[in-house]
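You will see two complexes here that share subunit A, one where it goes with subunit B and one where it goes with subunit C.
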Partner chain A sequence: MKPTIVKREPVVDEALDQCEARLTEEQIEKVVNEVIDKETGGRLWTYVNTCIHCGLCAEACHWFLSNDRDVSYAPVTKVKDTIWVLLEKKGKVDGAFIKRCSEIAHTECNLCRRCGMYCPFGIDIAYMLLVVRRICAKLGMVPLYLQDTVHSHAATMNQMWVKPDEWIDTLQWQEEEGQGFVPSARLPLEKEGADIMYSVIGPEPKFLAQLLGNITVIMKVAGLDWTMPATAGWDNSNMAMYSGDFEIMARVERLHHETAQRLKVKRIVMGECGHAFRGAEYDGPTWMGWMKPPIPIVHAISFYYDLIKSGKIKIAKKAKGPITVQDPCNVVRNGGLGDKLRYIMNAVCEDFVDVTPNNRYNYCCNAGGGVINVGPPWKKKRVQGNRIKAEQFKRTGAHTIVTPCHNCHSGIEDIVDFYKLGMHVKFFSDILIEAMEIPEHLKPKEE
Partner chain B sequence: MYEFVSGPLVWVAFIIFIGGSLYRIYNMLSKSKKENVVFPHMSLKHSLASLVHWVIPFNNQYMRKRPIFTIISFAFHICLIIAPIFLLAHVILWDESWNMSWWTIPEAVTDWMTIIVIIGCIFYLHRRLTDPVVKNVTDGSDYLLLAITALPFITGFIAYHQLFAYKTILIIHILAGEIMLIAIPFTRLSHMLFFVFTRAYFGSEQGHVKNSKDW
Partner chain C sequence: MSNIESWDWESKEKMLADTAEWKDRFEDVWEPYISSDGEKIASIIKIGEGEFNICVNGNTWEEPFEKMWYSRFSPDGRLTALISKDAEWTMAVDGVALEETYEYIWDTKFSADGKTIVAIVKQDGVYGMLVNGKVWECPVKLESIASHAISPDGNTVAAIAQTVPLGQADLDGFLKGTWSVVVNGKPWNDNFVGIYGLAISNDGKKVAAEYRAAICEYGIVVNGNPWIEKFGCTWEPVFHPDKSDEIIVPVRQAGQWFLAKNGRIVWDKGFFSLLYQTYSPDGNNIAVAVAPQFGKWTVAVNGQPWSVTFGECVQKPCFSPDGRKVAVIAKDSGKWLLVVDGAVLGEGYDNIWQPVFSPDGDKVICKVEKNGKYAVAVNGEIRGKNYEALWNPVISPDGTRAMICGVESGRYYRKVVSLSNI
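Take a look at the complex of A and B:
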């Protein structure tokens, strides 16, 4: 097969360059075969032996569509340039090849699984590229910024190097912020036997603390019995899942679930994040052989859906003007929450304008799958790689985009910026907190 | 020569085709057992739902997005499988040697079906040569598979119309048919065997495990 023609602006990522210089061909061969023999089986074998090279998956990928149909971004090309060669050469490749594997798998694919939908056989290309990431991670070929978040997970059990006292301080501060809306609101720490453990992703206390204030108010108004852990285990995010370091991924997921068990809660409710749901619901439990989470995990979209539908939260004044939404792949295409998302959007917005394509057919935001976490060196390529998303939002004419996922949120902010869309990007809870009714007896008393 | 290719070689071809197919499916299943996710994720309901949406033409968004491709692909595959099974000449041969016969399709119809298969192969070849994505993932094996698929139909057509050298063409036809049967389990033509399984797994994973749908 002729090599793919790849045109890219050069990107310097120190970690990849240093790793390339360090790797020996024996190491590579050993690790590639180890992963393929011990960690893969029927799926990889069947996918590679079934793919008829028809190219129908290309149409699925936002990278391909946004880069003027550059074939080097087509899903089937991504497997051709990585796992096909690794299998054919039985791992006899050099460091430069592994570096290119990491560039493709870590920085040019979001594991969004849209391509699997377009393939007439249902061949899961995202899975194959996750196997490539796994090989890269075992060889230490992981982009610098992504690896830093993995180190943070390993050292602190959260993604953002948040220290234990910073965590508690932030929660106390946000409890006070919430009390500005509802003076009797509480953010209960370590309450054993509560109904709900609420968990968030590392960046929330670090950059988006207002979300913790929001939930404090929402929980009070809905009258729920909830708690948050004061210890490590509060972070449900998992970048090790995306780097390919599944050992650390499993440690993170185990601690998260064990924290919920220690607190003896009935369910875990998590903030608005796509990949964290995927890790806690699927990748963690399957890697550890649990298959299912020991304590049910509820994504924010389902949680708000239940609250609004049951009338525990009433809407007083709907948000005005056209507002649109992003469907996070990990909870919509790969989580089935698209209809609930539309229900809650219509409940809180006067004029909800849907996108096309929408729901499970929607395009990925191009930030997920760890692609935003590979950091600034790769940002330009990422933003240019999702022009179609910008065009899609532009067509809606909305003034605000709601993103019930942290990666989507950051990625779409970058897209709005770069393509000068002039739209706001908000979390659902930001809209809900403004729209919901706060019962008279909970309101602050005027002196 | 004719006796040999139409006698023992047919046996050999069918035994390899059936035995090889069973072996490949067994291989796939045992490799899948090694993985902890495959079998626990399977669900009959979602497997069937996936197949219903992908075996009936235009029964999902994706096929509707590529109408020409869908029409050609379905016409190609339906004719490819139906024509040889219900072809009068083939059924007569089964009848002569095994004393079993079944329903046949009028020869004028199977003749057209043969033409459709050949057109399908030309269409696939054209895509391979012109569509940049397909071209980029094409090598000799892809052309070879197309040739293996097309040859029994081209030669069958020539033989049926007795265009020239009937006896020789018939021998070539039978050989080509045998090559195709033997190739199915051991090349990517095995997509015929695996289609049901890959769809069933993806349908189950999307539906049963991820509460979504794959159509």
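Take a look at the complex of A and C:
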């Protein structure tokens, strides 16, 4: 096999550098073989043996397309340069090689699975790169900011080092904010037997608290019986799933699902996040041995679809002007919610302009899969690695992009900024809260 | 449950409050809680802008507060709530707020007899445990408290706490250990990468927890001393009911889960998943929730799985008082099921609460939910009427009667029925 020509601007990530200096070849060999022998099965070998090196998957990857078709970014190259070598050499590689594995798997692939749709054999490149991440995680080779986020999950059971009192205090504050729109709105804490447990991702209480105020209003207007936990277990996000630390991933998911069971709810409704859906719906339950979540989990897109379709929420004034959307891979390509997303977008926007390609075929935002969480050192490469997303949005002529996923939201804000698109980035609930009808009897009384 | 003998087991039915009428009296009425003896029902009520109170059997506390939440009865019947006045937080017990106030207070817990009431508090950025109105003295400044536990007699209060400050993105600092366990204000000597699953022995003498040794390495630490054995993963430890030197814990090895006792694997069988290990009251038997294969859940008693499996999950098993029977709530095809010794009793429900056995183990009673209404089910079959709200039935100490507390048409009833009649 010819070596790949790799041209990259150097990036300093202390954690990777220090790990490279620390790792011994014995450690590496042991962990690589442990993971391959005990944690993977026929699937990995089938994928590796089936690939005919045709390169069709390259056309799918935003990294490849945005970097002037640089082959080093092609999906097949990413596995050729990582897992293939690890298998072939039976783990006899050095620290520098493992570092490159982490750079590829953690910072140059979003596990978005677009490439799998273009491969004639449906080879799941993302799965193989997750195996690479697993090996890296067990060796401690994880980019600094991603590892820090995973440590936050491990210590606090949430992504953002939010302490227990800060969480509850924020909910009580946002309940009051919600009461500004609808005085009788309530954010019920720890209400056993409620119909719905609402869960969010760590950044909501930390940076985007208004979303909690929004949901307080939406739940009241829709007349739903809901609750939020006042304990850990409220965060449905999971960066440990993406670093490759599956034990912490499972601990976080277990707590989230057991919190719903403790509260005796019928379903978990989650806020607008893609990867959190993946973790709570598939990866977490699978590791725990649950065929599906013990308490069903409903993504915000499905939830809003049901509320609007059933008339529980009515739209009073649609948002004006051209508005477009991002399809979060984890809930659209891999979760099938693209049509529902278009239904709700059309319901709240006067002029919804779709993107091309769209729905299951849409490009990834390039933030997901933990790639935005590797932090500032890698930001430039990330935004440059999604030029085609910027071009795609530009073609819509929209003034606003709706992103029903937190990572998409942050990643797209960076792209809008870098490529000077001059567009706003909003969550669906931001648009909904402005567009929905608040029934007369729920409105604040005029003084 | 404290003083269960002295509860009123004679009055057949008492209508203690008309909660429907509360809704006319107050701006908002929150979900109700009842005292363990069923004599009192209480809801937080909103009486105006920034003015809350609590209504107990129709009477409010003398003083309203700016904010209130987490109203809970102690097992000895005192009503607690977390309240805020002048923008400071504290706990109020039976209407009287503690003098000391805090930046924040949460997670109230009680000893089994109700005599000890604890909660976590934060003041000036320092975290601590409030035990019967006094914050414990701790030589170390606690950066956070993740959770806490209290011994049945209330004499031992333990907390999982961050004992070492940690800078932003300080990976090395984190791996050196910033978490420990603090028992009655005294931290363990060592700090750990992570601490989970806190447990206290019934005699209050031992405190155990899971600890994380490295990225993928876990073990159990007891009174500050780690087991030598380490595992790929662990779940929370459980003490033997009488022997505080016996601990069982699920451990993961080579991709399978086993049950370990004091560090050694006890059953030769490994499982895809293993959770909720439970001792029988005499400590002679152990039941656990297991998945022998992916997506197939059951209960294993002393290592022997039942032959029946369930597709979605099983919860924590519970033994009959004599330890001969095991009941568990399982989920299959979207329905919750009551399962006793491997047999499904009755039909499936939308929800089932933790079952209780009669003393002879013949009857299993629980609260169930069907089509938005609640009822009491005996051996899985609904008996008696539907309620708008219902609490889990309690069986009298002599095992002849059950107390059933519920709300019908807004009215709160406490009923005592003969076990042979339901």
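Criterion: the second predicted complex is superposed on the first by the 447 of 447 C-alpha atoms of A that agree within 3 Å, B and C clash if a C-alpha of one lies under 4 Å from a C-alpha of the other, contacts with A are read in each partner's own complex, and residues count from 1 in each chain.
Assume a residue touches a chain if its C-beta (ideal position, glycine included) is under 8 Å from a C-beta of that chain, and two chains touch if they have at least 3 such contacts.
Note that the coordinates shown come from a computational prediction; the quantities given were computed from them, not determined experimentally.
When the shared chain is aligned, subunit C comes close enough to touch A:137, but subunit B does not.
In the superposed model, A:155 makes contact with subunit C only, not with subunit B.
When the shared chain is aligned, no partner comes close enough to touch A:25: not subunit B, not subunit C. By the touch criterion defined above, A:282 reaches subunit B but does not reach subunit C. Within the superposed three-chain model, A:122 lies in touch with subunit B and out of touch with subunit C [touch as defined at top]. Look at A:291: by the touch rule set out above, it reaches both subunit B and subunit C.
In the superposition on chain A, contact is made by A:250 with subunit C only, not with subunit B. In the superposed pair of complexes, A:50 makes contact with subunit B only, with no contact to subunit C.
Contacts of subunit A with subunit B, set against its contacts with subunit C after fitting on chain A, overlap at residues 286, 289, 291. Residues 27-38, 40, 50, 54, 61-62, 65-66, 69, 73, 127, 131-139, 142, 188, 190-191, 194-195, 197-199, 201-203, 205-206, 209-215 of subunit B are the ones touching subunit A in the complex. On the subunit A side of its complex with subunit C, the touching residues are 15, 38-39, 137-138, 140, 144-145, 147-148, 151, 154-157, 163-165, 168-169, 172, 184, 186, 188-193, 230-232, 245, 247, 250-251, 261, 264, 266, 286, 288-292, 294.
Residues of subunit A touching subunit B in their complex: 1-2, 4, 40-43, 45-47, 49-56, 58-59, 64, 69, 71, 74, 76-77, 80, 116-118, 120-124, 282, 286, 289, 291, 332-337, 360-361. Here subunit C touches subunit A in the complex through residues 28, 30-31, 67, 69-70, 103-104, 106-107, 120, 122, 144-147, 162, 168-169, 171, 174, 178-179, 193-194, 196, 212, 215-216, 218, 232-233, 252, 254-255, 272-273, 291, 294-295, 297, 311-313, 315, 331, 350-351, 353, 369, going by the rule given at the top.
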